Amino acid sequence: MDAESYQKTVDQIAPKRPVLLNCMKAFLTGGIICAIGQLVSFVFMYFFSFTERTASNPSVATMVFLSMVLTGFGIYKKIGQFGGAGSAVPVTGFGNAVISAAIEHKSEGFILGVGVNMFKLAGPVIVYGVFSAFVVALIKTILVKMGVISW
Amino acid sequence: MMKKLWIISLILLGVAGCSEEFKVSTYHVDDDQQEIETLTKVFKDNQNLSEAAAVFFDHQLVVSVQVQQMSKFKKEKIRKSIEKKVKSAFPDHDVYVSSDLKITWELKKIIDEQPTTDELKKDLKKVKALAKEET
Amino acid sequence: MIVSVIIAFIVGGLVCVIGQLLFDVAKLTPAHTLSLMVVIGSVLDGFGLYEPFIDFAGAGATIPITSFGNSLTHGALQEAEKHGFIGVLTGMFEVTSSGISAAIIFGVIAAILFKSKGKVS
Amino acid sequence: MKKTGTYQFASKPSIVSTAVSVGPLEKVSPFHPHFDFIYEDERIGQETNEKGHSQLIEDTCNMAVTKGGFQLQDIDLLLAGDLVNEMTPTNFAARQLATPFMGMFSACATSVSSLITASFFLETKLMDKVMFGAASQHNAVERQFRYPIEYGAQKPPTGQWTVTGGGYGILSHHQTGKPYVHSATIGQVMDCECTDPLDMGSAMAPAAFDTIQKHLAQNKGTSYDFVMTGDLGKNGFSILQELIKSSGVSSYLVDNYRDAGAEFYGNEEKFLSGASGAGCSATVYYGPIYAELLAGKWKKILLVATGALLSPLSFQQGETIPCIAHAVELSME
């Protein structure tokens, strides 16, 4: 049996991912999470002295907190199976990745387990976020110094 | 509430571009109507605003504008152009223009309460400090 | 205000749809998808496009992970504006820290409080 | 002539006792009346999943010994395995059981590879009682191969659910009234360049097909009640059926194919393509299937356990997923 023709058979028989349905679910889930984030930021603006801009930081932290509660009680993975990227792309998904790894590796202790493995899944986001930010900022700074663009 | 819902539905239909009701609220300690009118004209000249609030106090002018949803991409540009216009209209005032919702809320609170001079001084200081904070 | 919530819902939802397409059509793993989205956010800020996007969509732009890349770049650029090239290195975490620090703090707290349960979804 | 890996056991070694235990989630399985023990706690009352895994193996082995009316010191050899790194759950359970022990690893095909190996030991008459089997624990295996349990990753419809459970049996010299091992086929590793670790069924189907074909070719004219594969799942099983249909193996007097993984959780959609894990084939083969053989419901069946021989490392290094399938033919007189 050659691999190529077998892959064709697999493609024919294997159930297709319901892309459209998944996208609708992702839209709904992600939309709700962002709408909640917006409401949370209004709360920070209304009751505390945060402006539209500065409210985003405590809102993000609050969303991560909510993510911790949902992850801890085993609810976030159900949301994840339903929402797909809708629950992975918002910062709550980042929180879920960190927190689930932390809970999972508790059994190996707090240093070698939780500490070492916490960013097992979310690490690349930070690594490539920082690296791309560095590259982008460097290029822009060079262009500004050369006088091609301004800040 | 109903009016808000009505406005929203209009926006969602995409026809709300210019028909949105434009509200200006002001508080002038010395109640100088002419100054208020000059300022209101600056706001009315800009088609992108949905709400504006301003407080005059002792040659200070703190302004906040709310930009219509569809113009929010250009929010910073709009704020800057308003700032420029207000500054040229009130050259003898210390002008501060913000486009932040929180500042609008705070200014409206001041306008509603019409506080005494001392309190107003404190309030405005607080508002300005808030607005200066960056992300 | 309600408009802002609806806009956050729609825009945030659409950002997630892009993520879902990267999952299902491009067949990327979650880690690849999220890394890519962070890079996109950081590049958009390089062109000065992410801040207007936040002005427009509020939480629809700040809650998705793309805002992570934006704030990293933004911090770096702000510092670079003040201190030149050194700022590119030092400014990185100026703005972002809340997401990362919240995740670390709540991660450790969660590890103290919870145990994983293998219940089926 | 190329070796086919098929052997017949003239001494007809019999499976004299079996025991099967599963976790709480497996209660939904249509096979559950035949499980000897269903734990209320997926961690078997232990601190960690791995300890629970070990406890499950130890308990089930003890059960198999007790059910057969034996004692642990009667066991000549324990041949068993699981999926966790270096098979510590089985090794640790063997420490408690204190019988002679050799670890077996054929991924999810360990249930059958251990039985085949046991049959050779019995055939030589050097040993009297060999215990064989395999187990898996959902949380421990998921962490090893995929994501943390609480991570909200979306599984595609081809994904499978690792069973918490273990099945062990004791193989002894021929006894009338007990199912015996008639023959076996040791499979070869097949690789059809599948790469998706969330679609093991497709990766394993060619291995199952190859082993079935070899075994049936050596036993022409034999009529089977059914051929049952291990954990192809609904998706992998439909691919196997397609392979069989397009190749004409159906002429070998087999018209009934089954798959333990596809049947394990019934039609519960939340388990997606069905069950997998070393515990899947082990619990089904040595639980319900053994019970039905013993009751005389079936006369001759072919069990083909399948295993995907990947590790997270090999997957991340871009390797494809090689797979294996071992077949054992059980008869009941």
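Letters A, B, C and D mark the chains as written, and numbering starts fresh at 1 in each.
We adopt the following convention: a contact is a pair of C-beta atoms (placed from the backbone, for glycine too) under 8 Å apart; a residue touches a chain by one contact, two chains touch by 3 or more.
Remember, it's a predicted structure, so these values are computed and weren't measured experimentally.
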Pair joined by more contacting C-beta pairs (A-D or A-B): A-D
Most central chain, Cα average position: A
Rounded Å distance between chain A and chain B, as computed from the means of their C-alpha atoms: 36
For chain C paired with chain D, centre-to-centre distance based on mean C-alpha positions, whole Å: 44
Length of the line joining the C-alpha centres of chain B and chain D, rounded to whole Å: 72
Residue numbers of chain B (touch at least two other chains): 135
For chain D, residues contacting two or more additional chains: 49, 148-150, 153-154
Junction residues of chain A, two or more chains touched: 17, 22, 52, 56-57, 71-72, 74, 77-78, 80-81, 83-85, 88, 93, 97, 99-101, 103-105, 121
Footprint of chain A on chain B - complex, ascending: 100-103, 105, 126, 130-131, 133-135
Chain D residues touching chain A - in the complex, by the definition given at the top: 47-50, 143, 147-158, 191-194, 199, 202, 206, 209-210, 235, 238-239, 242-243, 273
Sites on chain A touched by chain C in the complex: 17, 19, 22-23, 25-35, 37-42, 52, 56-61, 63-65, 67-68, 71-74, 77-78, 80-86, 88-95, 97-106, 110, 114, 118, 121-122, 124-130, 132-134, 136-141, 145, 151
For the chain A and chain D complex, residues of the former touching the latter: 1, 3, 6-7, 9-10, 13-18, 22, 71-72, 74, 76-81, 83-85, 87-88, 93, 96-97, 99-101, 103-105, 107, 120-121
Contact footprint of chain A on chain C as seen in their complex: 1, 4-6, 8-25, 30-35, 37-39, 41-43, 45-46, 54, 58-60, 62-69, 72-73, 75-77, 80-81, 84-85, 87-89, 91-92, 96, 98-104, 106-111, 113-117, 119, 121
